[in-house]
Each structure stands twice: as structure tokens, then as C-alpha cells.
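One structure follows; several queries about it will come next.
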Amino acid sequence: MNSPIKVGVLGARGRMGSEAVRAVGEAPDTELVAAINREDGLTGLLDGGAQVAVDLTHPDAVLDNIRFCVEHGIHVVVGTSGLGTPELATVRSWLADRPEVGVLVAPNFAIGAVLSMRFAELAAKFFESVEIVELHHPKKADAPSGTAARTAQVIAQARAEAGLGEVPDATTKELDGARGADVDGVRVHSVRMTGLVAHQEVLFGTEGETLTIRHDSYDRRSFMPGVLLSIREVGSRPGLTVGLDALLGI
Amino acid sequence: MNSPIKVGVLGARGRMGSEAVRAVGEAPDTELVAAINREDGLTGLLDGGAQVAVDLTHPDAVLDNIRFCVEHGIHVVVGTSGLGTPELATVRSWLADRPEVGVLVAPNFAIGAVLSMRFAELAAKFFESVEIVELHHPKKADAPSGTAARTAQVIAQARAEAGLGEVPDATTKELDGARGADVDGVRVHSVRMTGLVAHQEVLFGTEGETLTIRHDSYDRRSFMPGVLLSIREVGSRPGLTVGLDALLGI
Amino acid sequence: MNSPIKVGVLGARGRMGSEAVRAVGEAPDTELVAAINREDGLTGLLDGGAQVAVDLTHPDAVLDNIRFCVEHGIHVVVGTSGLGTPELATVRSWLADRPEVGVLVAPNFAIGAVLSMRFAELAAKFFESVEIVELHHPKKADAPSGTAARTAQVIAQARAEAGLGEVPDATTKELDGARGADVDGVRVHSVRMTGLVAHQEVLFGTEGETLTIRHDSYDRRSFMPGVLLSIREVGSRPGLTVGLDALLGI
Amino acid sequence: MNSPIKVGVLGARGRMGSEAVRAVGEAPDTELVAAINREDGLTGLLDGGAQVAVDLTHPDAVLDNIRFCVEHGIHVVVGTSGLGTPELATVRSWLADRPEVGVLVAPNFAIGAVLSMRFAELAAKFFESVEIVELHHPKKADAPSGTAARTAQVIAQARAEAGLGEVPDATTKELDGARGADVDGVRVHSVRMTGLVAHQEVLFGTEGETLTIRHDSYDRRSFMPGVLLSIREVGSRPGLTVGLDALLGI
């Protein structure tokens, strides 16, 4: 067996960071060499000899963290949000000087969520009908969820490329809102309910059959298998990679 | 074993009627003595010695049919829609003269649907959150379905009687329609999809747990167990009974 | 508003007990007056003026705890397992001397689970087919779960009382175990899966339709609404009550 | 628009064949030129100028039908079962002489079922846990279904290739059959229930999340979109193709 990958976690005391600290410590092929918080500074990564840094900090801090790592030849797995198109271009420019370094930016580390979206994209062209039902705890502020909206967009694009027309719908008498939100022609329904965590169902229908792809996330630990997969893979993927999809090979 | 109940079916050639003809013919404790269509007249009920008539005809015809049956001492099971409060009052007035006759009017014979609604009513007061998702074929004109709207009303009333307040919902940023239709404070979502028939899910949530009551109707034959139950019971329930609930004993 | 009910929690540091301490502290109509652990002794209940004690301790300790409470006129809600028929008889004998005291023993405080079982019992006689699928985390030692086995027994009894025969099943070629375990004629299937917590589906089928009652428990906090309901009700139910059902009024 | 594909249906009066006659007649890009039954002989295919034949006959007849079509340069879509490895080798030998002809043999034309199996194969390596629940009408003789057994085998192979070990399962006390059938290490549960048609759920689990792929087949018409897709594609795929997967491009 190879020696474990040396990992530093940035944002180690946060909700996600503390889970990452645990997961990296428990996995047999990774070793935690630095657990760094906002007040610590980043030199701990160098002291520990980190090969990979996992950034689970804050939109304000993430870009500086990435810069430091790239300059010091440390691969980075980024779970912090806030990297838009201009920020990603900046990261690419840093990487131009250090072509051996890998940076992986993933908006969602839950492998099940990423697979759901990809399967939905692959299935889309074979079904006349499609709708999405997403279900979350009642403290969520936005409806639909970002994941549901992106899934609808991906499906809509696949339908358009396959030349599919509108989803059939004979509704003539609707109580306002019953048929859900329209995201690029795909209906999305948002359920908010005490007891639930984060769940999504994509339903496809054609003559005589339906296909349902359902993802249930019960716990923020659901991100950890994706974080570990990213840690294992980022070193062999120099340059910038956006999205976990690339690592899943489908 | 008792001798079979002699049954006449009105509207025998219709979609529901032809299924009823089959079901009455196949059940061991019922006997089909008359299969009557619009052009036939009702005397076939008398010729066959029908004890129970099943009306699956048309809103235009149903009242005259009931009158004939009541006057001739034949119990009636009515699956035809179109009987509002004034029509039911008329039926009651006829029954006043024939107190031994039973008339059972059921808007829905699917036992699973009737149980779903009753269970939803019973569960309502124990859960902070509740929503309904109903799913139908895409040729349906109204959204939400009548059954879903009634279920929501029944739940809302049970919540009100138990002193429950509003369902928790922190949504501040909603794409129009995402949170569904509001029926008396209960959110209802309508999915329309090729391949589906008629389905409904009532979801209840409280701290750490959810309860889901789902009804799937695959086929109009789903009405037949309820029709047969009604045929067996109507003779021992003189007067007017509305809804299958009374027969289910819960 | 009435003054809050004064509550003592026994086993306050345990997994369930610590949740109960939190729940009693947060609810507007209950007040935590004692949080007692094994080493503390029970006089803290008297010092705090507890009206209701919640026992979430250990099978070794529970009977002594109940005795103490009954003798001191404190109502008891018991979530600890280990009270069989002889122990319940003993509790009844103590209560004979203190007829004003209420003791409520509940094997399961999750209201959704209790409702599921009751609805399954009520539905059983209307459906030709019934099966149970229960799904749990993979660390569970027994299959099927105790709840699933009890649900199957309750259904089997309701079927027998209604004169229903065997569930139809034409299987002639079975790979060993495919059709599940046979509990009094009801098939029960046990899924064990990382990521899951505790879930159960009771499926009923008749011609053309199915009814599914599903309970999902995501968290041990799911017991707390049932614990609070019990605290509120036990004072008005003198004597021994077994099972949350009695409180649900269905 | 191109002129429609001229199609002959073999076994035109059978359950599947009569649906194919209907579907070919209704689709805008296919034209029914021959509806042939056992007693008719195959020359009707030539008389009608069929470009594609759809064989939905009987294991006894299918090989002769394929031979006739290949010899006459007619592409064939085969839905009849009974073609094992030796029969497929025979078909290949015939095709060696007519390399421009396409023969597509599909054990299952339901696109949703084929996608389900493929998605299950793709997802398998990312999840520690996996189980299958398949649900069918109670007249089915075998348990588990052939589709479920094949799905389990495909998953088991993908797990083996990824180096995954056994699915975690701490069951020590099992009522016989509760944990389902063991197909190459994947547990499969078979539900049999009046009202159901043909349904399958593949459940995957990892830390904190589950992914479920569910296929519901309500009606044998569910095969028709796959049959039409095959008719459209077989002409551009000379030689022997086994399985609809190849056409789905995933």
C-alpha cells in the first residue's frame, strides 16, 4: 500500500471542516497533518508537509487560501462557495505558473447528488414527461433549491438538444401554484417539512412506465465520501477542475 | 352461505359500468340479473328481481334512476357524479316514504383513496408540517385533483380543531409556484406525467420523523372492491348514506 | 395559560435522556425541575417538586424508579424497555394503593411509528395483499425489526378477525429468501444500508390499487413529541396505561 | 422529413404484437406494411416491401423468422425470448453473408428498465451498500424477477472491478428470509401484491446519503417506445446487436 496522502483542513472548526477532520483522520489512505482555523495562518500546511489542502472556510478567505497553496505546490480541494467565473479565471492564471498543481472546485460533494444530476441528464431525452420534487427542512429560505434548479436546467438542455418539444400538460383549470415553478420548461415542486433534511426526486414518464431518481441526504457527513474521493484524485488532475462529475467518470 | 345478492347495473356498457358487470358476475356472493343501458328502460331491474341497483350512468339520468329504484324498493349504489346538496335533499324526501330502502352515494369507490383521506384526517393533529403531492396522467384538466383538494380541506379542519397554527415555512425567495397551491393553508403540488394513472401522497412531519400515506390507483378496476362492498352493505343501511367512509367503520 | 408541568428526567445524561432534558426545557408548557443520573438518588424529584417523572434509564433500574414515584404520588412516563407481563402486574399492584397516580409505559414514543401501526391495523381487512419492508442502518443486529414484527402480527390478527384467507402468491421458483420472512403469514423484508436510520413501509394491495403507509425516523429526537404528549396526558390517566395508542385517541 | 420506415410485425395478434401493430401505425415516422400471424407465412413481408421486421412470436419460430429476414435483406428487431449463446452464434453466421443487414435482439424494450440497470451499474462503485426491492403482481412464478437478478449481477461485477468488499451487515439474529435472497452478494427482496404490475427499486447507500433508482412499469405499452427506437436505429447498425443499451448511447 502507498503511504497515506498528507492532508491539511482549512476551516477545521466549522461544521463541514470538523467533519472533514474526522473523515481524513479515519480513512486508511489519508493522514491529517494540519487542522487550521481562521486565526492560525497557513504555514501549518507547510510545517505538516501537506500534499493536499481542503478548503471549507468562507467566501472572503477562499481565494487567498487557494493562492497560497498553488504557490507552495499544494493541491487544493475547494468546498467553499463564492467562486464565480471571474474568480475561477484568476485561479487558472495562478495555475498557469504552477502547471503541476491541481485545484478541484466542487459546489456539491454528495456523490449521490452529483450522480442524480448526471443520470437525470442522461435519461432526459428518452422521456416525454419530466418533473422534479425537492423536499427540505422548513428553515430553507429559497424555493426551489439550487440543486433542483440546476437539475432542471440540465434536463431542459438535454431535451432541447434531442429535439424534444414541450412536456404534455392538459391543465386548463389550475389553482395558483399547483403545477409548480417553471424552470426552463421543467416543473419543479418544493416541499418544506419539519423532520426532513434534503431530498430530491426526478420523475420521468413515457408510455406505460416511469423512472424515478431519488437522492436523500440525511446528514452533512454525506459530503465526506466525495471529499475523500477528491483528495485521492486531485493530485493526478493538474490544473482547474470544476465539479465532482469529472472524477466520477460517467 | 346465503343466496347471492341480485344486482342490476345501470350504464352497463360504460367504462365503469362494464367493469361493474364483470365484477358482479365474478364475485361469489353477487349475481348479475340486469345489465341496462340508456336505451333499455328500467323495467329490466324488476324483471330480474334486482335487490340492488348500481348506477354508473350520467348526471342527467341518475336522479330519475334513483327515484325509480326507491319507488320499487330497490336499494341503490350511486357512483355517478352530479348529486349536489339540493339533489341529495330530493333523494331524502323520496326515502321518507320508503324508509326500508337504502341509497349509498359515493364520490370515490377506491377503498385505498377513502382510507388515505381518513388516515390523513386522523394523523393531522399530531404533526407540525403537512403537504400533499398528487400525481396524474397529463390529460387531466384540473390541478390540484378534487381528491387532493378535499384531503387538504379535511386536514386543515383537523388542524384547526386541534389548535395547530400555521405550518412552518421560512421561504423568503420563491420562484413563482415552487411552493405549490395553498388550500386552506395546506400546500398541494400537482405532477402531470405520461405513464402515470392516479396517485397521491400525503406527507406529515414533526421533529425527526415523517409519516407518508400514499395511494396508487393503477386502473379503474380499483373501484370495484368498493362497489362490491357497497352492494353488500347498502341493504342493511336504510336511508341515505354519503361516502364510503361510513362502511369502513373507522 | 396553566403553569407548566414540573418534570424530572431520570437517566438525564443518556442518549434519550439528554434529548428529553432539552425537549422539556424548550417546551412552553413543561418545566425541568430535576435531571437525575444513576449516582444521584431520587430525592431530587421531591426537592424539585416534580409532578411527572420520565424514566429513560435501564431495565435494571426502572422498576425501583417506578415504585419510588408511585409511592410519592409522582406520575411516571416510562420509555425504558424490560417491562414484561410480570413486571407490569407488579406496577399495577403498587398503583392499587395509589389510585390517583398515572403510569404510562410506551415501547415506542415516535408518534409516526405508533400511527403507522394503528393505520396498518385498520386497513388490513380491506386488502387482499399486504407486505412490510423495513429499512435500517447496517449496525442493527436483528432482522426483521421488532416494530416490523409487531406490525405484521397486528395485521395478521386483523385479517384473521375479518375472515381473510392467505395472501395470494403464485411463486413456484424462489431463490432462498427472496420472498422475505413469514411472520404469521405476512411477508417482511429487511433492508440494511449505510446512510439509513430507521424506516418502515407497509404496502397493501387490492384490485387496481395499492395503499402504502411509510414511516421515516431520521433522528432520536423523533421520540420527543411523543414524550411531551405523554407528560401532558399522564396526569389525567390514573392507573397503568401501556402504549402511546391510548393517548392518540384512534 | 424522410419517408416513413416500412415495418412488418410478426406475431401481430399476440399481446405484444398487437401493441406493436398499434404503435407502428400511430408513429409518424413508421408505416405498417405487414401484420403477420403464425398461419400466414412470411412472404407478406416481401409483398409489403418491409424494411424492418419486428419479431414478437415464439421461441419455436423466431430463428426461422430471423433467417428469412436476413436472407431477404430485411433488418430485424427481436423481442421474442429464447435466443441463447448458440442461437446468437447461428444468427451471426447468417449475417456474415449479409453484412449490410442489422439484427437487434432485446430482452427488455422498456427504456426505463434498461436505463435503470445501466445507472445501477454506473453508480455501484460509489456506494458501500446496495440492495434491490422488486415488486410484482402475485401471479408471477419466479422470485426474484429475471431483471432483478440481472441487475444484481451487473452491480456485483461493478463492485468487484472497483475492489469493493462485502456490503456491511451486522445481522446476527435473522428470521429466515428477512434479509432477502443473496445474488452474488447483493440482497434482493421480492414483493408480490395484487394491484401492482412490475416495479423495481435499486437502493444505494453511503455515509449520510442514499440514492434510489426506481422503475415502474404500468402497462405492456411501456415496451413500445423501445420498440420504435429499435426500428428507427436497426437499419444503421449492421450485424448483431444484443440489448437496447447500445442504442441509448450511455
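Observations on the model:
Think of it as A, B, C and D in the order they're written, each chain with its own count starting at 1.
The criterion applied here is as follows: a contact is a pair of C-beta atoms (placed from the backbone, for glycine too) under 8 Å apart; a residue touches a chain by one contact, two chains touch by 3 or more.
Protein identities per chain, from UniProt: A, B, C, D = 4-hydroxy-tetrahydrodipicolinate reductase.
None of these values were measured; they are calculated from a predicted model.
Taking A-D and B-D together, the chain pair joined by more C-beta contacts is A-D.
When each chain is reduced to the average of its Cα atoms, A sits farthest from subunit B.
If you average the CA atoms of subunit C and of subunit D, the two centres end up 46 Å from each other. Each chain gets one centre point, the mean of its Cα atoms, and the points for subunit B and subunit D are 39 Å apart. Here the spacing of subunit A and subunit D, counted between their Cα centres, is 34 Å. Among all residues of subunit D, those that touch two or more other chains are 127, 195-196, 206-210, 216, 218, 222. Those residues of subunit C that touch subunit A in the complex are listed here as 195-197, 216, 218, 222. For subunit C in complex with subunit D, the residues that touch the partner chain are 127-131, 133, 135, 138-144, 149, 167-183, 187-196, 203, 205-210. On the side of subunit C, the complex with subunit B involves touching residues 110-113, 115-116, 119, 122-123, 126-127, 204, 206-225, 248, 250.
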